[in-house]
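First up is the structure itself, then whatever we jot down about it.
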Amino acid sequence: MLFLNHVYLLPIVPAVGAAVMFFFGRRLRKIAIDTVCIGVIVVAFLFACVTVAEYSSFAHGTGQAFEKIVYTWLGSGDAQLASAMNGGAHQTFNADAGFLLDPLSCVWLLFVTGVGLLIHIYSTGYMAHEGGYYRFFGYMNLFMFFMLTLILANNYMMMFVGWEGVGLSSYLLIGFYFHRHSASSAANKAFIVNRIGDVGFVLGALTLFYYLGSFRFTDINALARSGRFSIGDPVLSAAALLLFVGACGKSAQLPLYVWLPDAMEGPTPVSALIHAATMVTAGVYMVARSNAIFVLAPGAMKTVAIVGALTAIFAASMALVQNDIKRVLAYSTISQLGYMFLALGVGAFAAGVFHVFTHAFFKALLFLGSGSIIQAMSGEQDMRNMGGLKDKIPTTHWTMFVGTLAIAGIFPFAGFFSKDAILWQTWTSEGGAYRILWFVGYATAMMTAFYMFRLMYLTFYSRVRMSPAIRDKVHGLSKSMTAPLVILALCSLGAGWLSWPQSLGGSARFEHFVEPVFAHEAVVLEHAGKSGQVSAGEKEAQHTDKAEYLLMILSLAAGAAGWGVAHNAYRNAGKDYAEPIAQKLPRLYGLLYNKWFVDETYDYVFTGRRKLGNVTLGALGVGEAASWFDTKIVDSAINDVGWVTRAASTLSAWFDRWIVDGLAVRGIAYLTLPFAYVARLFEWGLVQWYALIMVAGLIGFGVYYVWK
Amino acid sequence: MNSAINATNATMAPVATPYFFYGLATLAIVSAFLVITRRNVVHSALALIVTLLSVAGLYLMLYAPFVAGVQIIVYAGGVMVLFLFVIMLVNIDRSYKEKRFSGLWPIGLAAASALFTLFLFAFIKGRALFPDRMMLLPESSNTQQIAGLLYGDAGKMGQYTFAFEIASLLLLVAILAAVVMTKKRA
Amino acid sequence: MTLSDENAANIVAGTTQDHVSGNDSPKTYLDSNELIINMGPQHPATHGVLRVILKLDGERVLGTECVIGYLHRGVEKIAENRTYAMFNPYVDRMDYVAAVSNGLGYCEAVEKLLNVEAPARAKYIRVILAELNRIASHQLWLGTHALDIGAMTPLFYTFRDREEILKIFEKYCGARLTTHAFRIGGCLYETYAGFEKEVKNFVKFVTPKIDEYEALLTGNRIWMERTKNVGVISGPDCIALGVTGPVLRASGVQWDVRKAQPYAAYSEFEFEIPVGTTGDTYDRYLVRMSEMRQSLRIIEQAVNGLPEGPIMAKVPKVIKPPVGEIYHSIESPKGELGYFIVSDGTTQPYRLRVRPPSFVNLQALDVMVRGLLVADVVAVIGTIDIVLGEVDR
Amino acid sequence: MVPISTLHYLIVAAALFVLGVVGVLTRRNLVVILMSIELILNAVNLNLVAFSRMWGNLHGQVFSIFITADAAAEAAAGLGILIAFFRNKETVNVDEIDLLKW
Amino acid sequence: MPDFVTSYLGSTLTPGEAGNQFWALVYVFVIFAGVSLAVMSMNWLERKALAHFQIRLGPMRTGPHGLLQPIADAIKLLLKEDIIPAGADRFVFWVAPLIGLLAAFTVYTVIPFGPSQAVSDMNIGILFMLGVSSLGVLGVVVAGWASNSNYPLIGALRSSAQMVSYEVAMGLAVVSAILMTSLNETGTGTLSMIGIVRAQQEQGVWFIFKFFPLGLIAFIVFAIAMVAETNRAPFDMAEAESELTAGYHTEYSGLRWSLFMLAEYAAMISVSSIAVTLWLGGWMRPFSRLLRGSAWDLIFSLFPAVTFMGLAAVAFVGVVRMPRRSDFKVQKIGLAVFGWLLGFIALMLLIIAIAGRSNGAAIPSTVNQSIGYIYWFLLKVAVFMYLFIWYRATWPRYRFDQLMRVGWKVLLPISLTVLVATAIVGILLS
């Protein structure tokens, strides 16, 4: 249990790498940077593996959480706050530097370090010729440090440290090319939008503290599960909703998703690691972590499900027509995150978590693949200028093909299992109350298949559309870039098998592994008569009906349909191919192409950067209004008052000059002069004078002690 | 000559006769007087070195050889070289033409005389507090004993170990301060 | 370093003129940005009477200015008042440590003007003596250069071995330094008895001695620290400044008049041109060391193949070259030594101009020492290998 | 002859101390003032060592070692300030250093 | 013989310890004269050895093989005009060489030529030595300043910066040797020079070989630093004639200049003595553990006599090899006398060595032992002296910035590391 007992060292490992980079990185050579940065991640990965192994022998499948509290880092000391519940007991406001390991964090731990390691390796190839190499890896290691802190935190405050930390490293990495205006403004956007979510998070956490008297997950869960609270408790609902606002910000859900597409300004490995595979799933993690609260707040659950479903289809619709390869993947990420929240919302926590797990692999794969394409194309990101790359970069091609199959939900690739589980859970939950969401999800699945195959066709299969100059420069890629692709492709293929559904004769090992975390909630839900929302593994054992098979076939069909449509439309896309949507529904295409004008709307409504006619709304609008009020109303009032004052002051001046000045001030000043001279002796500005005063003091002391 | 041989009272023997004390004390005071009166700063510095060395001699008479060694190595060898360096850096040619004493000198002198009178008065008044005979310290293990106080003995932490560390920190800070302040800003 | 310039002395002393008189607060020299120091003309490390005015920032050299002419004797002007044969001894006084090369260049130039060719035996003798002289010059350079950098001992070793060369010269033509060994049209003296044996013995004697010098210096860490990356000059810079000789070759340019435009009998011998890479002082040192070895190779071949025959071509008693002009250059130990002679058909040259390698190479000093420390200036002056007699003429 | 007692040393130290004080109070040159401070510190050291002898323990000597370290630090920092000041004002006269007045 | 003389010959205490002021004065006088003599012979030796390194002969005319050259030099320097430059600070100019000389000579009071052959065995011996030798810097600085000339000033600043910097590395190396003295049963070390040698005796190992290679490294650091500390080649920055003419003593001439030289050579001998004391076992004869027993003792006690015999033989060979010409007669006779003198000393030593073996002769025995101590100590110091000359003949000069870099970035870290490593190893092994 050595590693388990010292699990607090795990986040420190990458922090060491980051520190080395920040302090000495500039002077190190590339090989040294590689050794240090990759080395710490390798150590972290092995550490994580050993820790998880030790944990599983510790828990014996009971899912008992392992908690390690190192010290209290944030606290009110002995000052106590009354908590509303918990018997009104006085609680100290303390947050520990504590670490919690349970199946949920184990899952995150493994794929964050694993995928992180692969992406680090990939980056050595991808970033090889970029300036600020050490800076990049320093940030990456810093990110790993904060992400691991977030995952391993045992309370909301500690988690918030990681939460803000990953936000910070995300900001740094999006703005990595800080000399590019678009990159720095994208970084700012991401940071600001995230702050909105963070407000929700902090308020939610503090509400929970106010209500339950602790920040610790274990305490909160214990209290929530104690049965003291009725389902639908208003304060808990509010807390859950506030936490969900935080999750929306971090995980790019409607309406706070706008930062994620812009975040693609960062280097592609960053997009893969932070903005697809790990950080953006922090929201999902947090909601899953707080499942005990959410279960007690059905309203919040419904909100989560609906927001998730809407985000999924909304983002997918925008992905249909994007031409920038990374943006397609970005919207796809948002869409998939929507899926996860949908799953969480309908109570299928395990399924949602499983989707996070599989999604990490294939989305990282797709992003890295797109990075390889961009690298091979010497920086070109527009799919309209690609095509026919199949033979030029074969490894990238077939790995990305695997990724596409996975995300499109083709059997037996990873996406099929997780997506199918979500859809199936959605279909069955609450006795079918959410079936409308199933349709949304299903449509999303179809669109996903379409835009992903559109991406494949436009880049790899269709006619060559790039300029000859670029075509000649297209080159193969280094081993350090292709090797992670291959590994990720294998994972994308096989990760789904961890949860081979029982209906297909599997054992759903994954679900069983994370089940203990959610088991209690399943009982609660069942008790509440919402029997649909049970963790997947158990439920499948109970209901293996034909509908499930039907849904599987349907979702396969959705994937196939999307593939087919894309195949037809883009198989032979030449220089001026036509977008099918643009042809059939030109207005919708315009709407989609402009991303539903959401950014513009935000500009109109919230920031005020765009004017609605003559009226400015949003932050700038408020500012302008305040300015108008200030100059027109306040100032003129002041001016008027000033005139009155001047008249009065003429009068008073006479009085002042003769009575006050003459009699009072000067008279007193002349009186002061002799005293001032004495005071001045102490502030002469001469060193020796001060020394003299010191000596005088010394003499004084001496005299006192001699004659005492 | 015979008396010299017979004075082989090993460690208890006085380091030197009282004459040495008077000689060293006179040397110290006279050169200290030169320090504050010389117009040429280098002469002052040389006089100060003489004072420091005489004080080191007094330490030896007080059975404090380690302190005497430290006095020589730190003051005479280190600090005074620093002073001479600085004197050479800040051209002193000008000071030949200038007033030596500040305008405050009568007051300063008066205050200092008052202080000295006070000291003497205090000594006279408190004469009974000072025994004529001095304790004898074992000279041969002086260094070891000081080390015991500073670093600790036989596994125990010394009484002044912590203070010693702080003193080293202080020196470090002083070094940094000196470097930072004297560095030419490009 | 001698302070001769009044103003410079004042600056060095820390007071400029207005400070001495005025009440202005004086600036100390350690505080001011620029300090001007005179190196030479009396200074142990300027190899004669070179005067270098150094502009310093602390100890760092901001710029240099060479003042030359302290040894000017008007050699070129003298040539216009002497007959061709009479002028021959004068050229020995230019680069007095490589007098043979000077004479060789002059004689060949006049021969070219007269359209006379020296006999084969004379050419071989010339090559032998010129290469011996190259070794002697490099030995002198090595000794003084090492002494400048603080290694005293090599000086004595090189002088011991140079003595053997001078002995051969003395036996051959009676003079040790200013030899006047050659005449227009060939050589005056036949080799003395045992000349070949002595030269061969010398080659055998000196080969291990060169290894001995290298053993003292080449791998020496202090020597390397003092010379590596000191006084770096690039090949293009050398060409732009007209620098020739070992300095040019150390910068990686393979240019040697013996190979490029072979004169005397050089086309008949096998030898290599050592080339450096970085163009720093250490490379120049290595180039000269291996040049000495190559010279030994040439000498060995020349002695072994010394042909029989006359040593003097048919040259008129009164040398009156036809009207015309000629430029002829040879590779002296210091670099390309060229003679440009304009003849008006009389017995005296109308104009004679020397291209002295030392003078041209000295122009690279400023480029080399900028940004270095004062101690490096000494090393760089040594490494350029100038002879002030040749610079000033 | 009177045996040398603690008081003798104290008187010598007092004299040194007062001379140092006079130097600090009267001299204009900052370097000399710093040297006078060294004198004062030395006087203190002498007292400490004399008392150490008087009481027969070594604490006084240890303290004097600390004071020596202090004095070294003071000299380094003080001279650093002096040089920095000299660079800006080109004077080391203490009565021209009166910026604190304003 | 007066009682106090004979009583002291058998004493095992230093005059300082014994409170024997007469012998202390004798020692002071002997050391002063001896060091002056050593400096003179060192001067001759350096010229000759350097000359032979450089295939020259060196001084040959003044006396046989230039043996009287140092004396001639001294007379010349004494008689030379004593120039004090205009504008120089006369008093400081006058006092500067004395400071250097005093510092250089004062340290000899604690150098142990034998267990009782020192003026005094100070409790803080090595600290005293380092402190007093660091006073030598003052002489250099003050000399440069007082000359009222720029080259001396720059030279003084350079060499004092150099000396102060190298003192740090030197001090740390010394501390690691002192640390080694504390590795005994009681765990208390000593700063006393005699105590340090005694510690080596007790531990049965010269500190250069202790904790191999830690002692060796510390010794090497010290050996390099001491060359820099004495301003000798290849660290003779202050006297770099190709840059700064003659450094801080450019303006000095005659007697004062010779005082500087005297101080420099005396300092060379004193730092070598520190090195010998700290690392090379001081007065101990080599292999005192390995080759023990009375037979070996006898053989080793014959060494001084044999050495002088060898020197005498060399002198006689010189006599024989002199040209048979009349104008060489004086020189021949002089060298022969010198040879006889050496031979006589050898004979005396032999007699003492033999007499010391016989039973019941207490005084000859102790005297014999004392001679052995002094002999071995001086032999070791002489090796260092030869090394100084050897360095000068072999190496080019460092540049100032390189020199400071070596001091601060190479020697200082190494000596710190060695110090820490010594402490760790000492703790681990105890």
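Order of writing sets the chain letters: A, B, C, D and E. Residues in each chain are counted from 1.
As a working rule, a contact is a pair of C-beta atoms (placed from the backbone, for glycine too) under 8 Å apart; a residue touches a chain by one contact, two chains touch by 3 or more.
Just so you know, these numbers come straight off a predicted model, no measurement behind them.
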**Asked** When you check each chain against subunit A and subunit B, which touch both of them?
**Response** D
**Request:** State the pair with the higher C-beta contact count; candidates are C-E and B-E.
**Result:** B-E
**Prompt:** How many angstrom lie between the CA centroids of subunit C and subunit D, rounded to a whole number?
**Reply:** 63
**Item:** Distance from the mean Cα position of subunit E to that of subunit B, given in whole angstrom
**Value:** 30
**Multi-partner residues of subunit D (each touching 2 or more other chains)** = 21, 24-26, 94-95
**Item:** For subunit E, residues contacting two or more additional chains
**Value:** none
**Item:** Residues of subunit C whose C-beta touches two or more other chains
**Value:** 25-26, 31
**Asked** If you look only at subunit B, which of its residues touch subunit A in the complex?
**Response** 102, 104, 107-108, 111-112, 114-115, 118-119, 121-122, 125
**Request:** Enumerate the contact residues on subunit C facing subunit E in the complex.
**Result:** 1, 3, 12-13, 29, 44-45, 59, 146-153, 155-157, 160, 216-217, 220, 222-223, 225-226, 373-376, 378
**For the subunit D and subunit B complex, residues of the former touching the latter** = 1-12, 14-29, 31-32, 34-36, 38-39, 42, 45-46, 49-50, 52-56, 58-59, 61-62, 64-66, 68-77, 79-84, 86, 92-95
**Request:** Would you mind writing out the residues of subunit B in touch with subunit D in their complex?
**Result:** 18, 21, 25, 28-29, 32-33, 35-36, 41, 44-45, 48, 51-52, 55, 58-59, 61-64, 66-67, 70-71, 74-75, 78-79, 82-83, 86-87, 89-90, 95, 98-105, 107-109, 111-113, 115-116, 119-120, 123, 127, 130-137, 142, 145-146, 149-150, 159-160, 163-164, 167-168, 170-171, 173-175, 177-182
**Message:** Which residues of subunit D touch subunit A once you look at their complex with the stated criterion?
**Reply:** 21, 24-26, 33, 94-95, 97-102
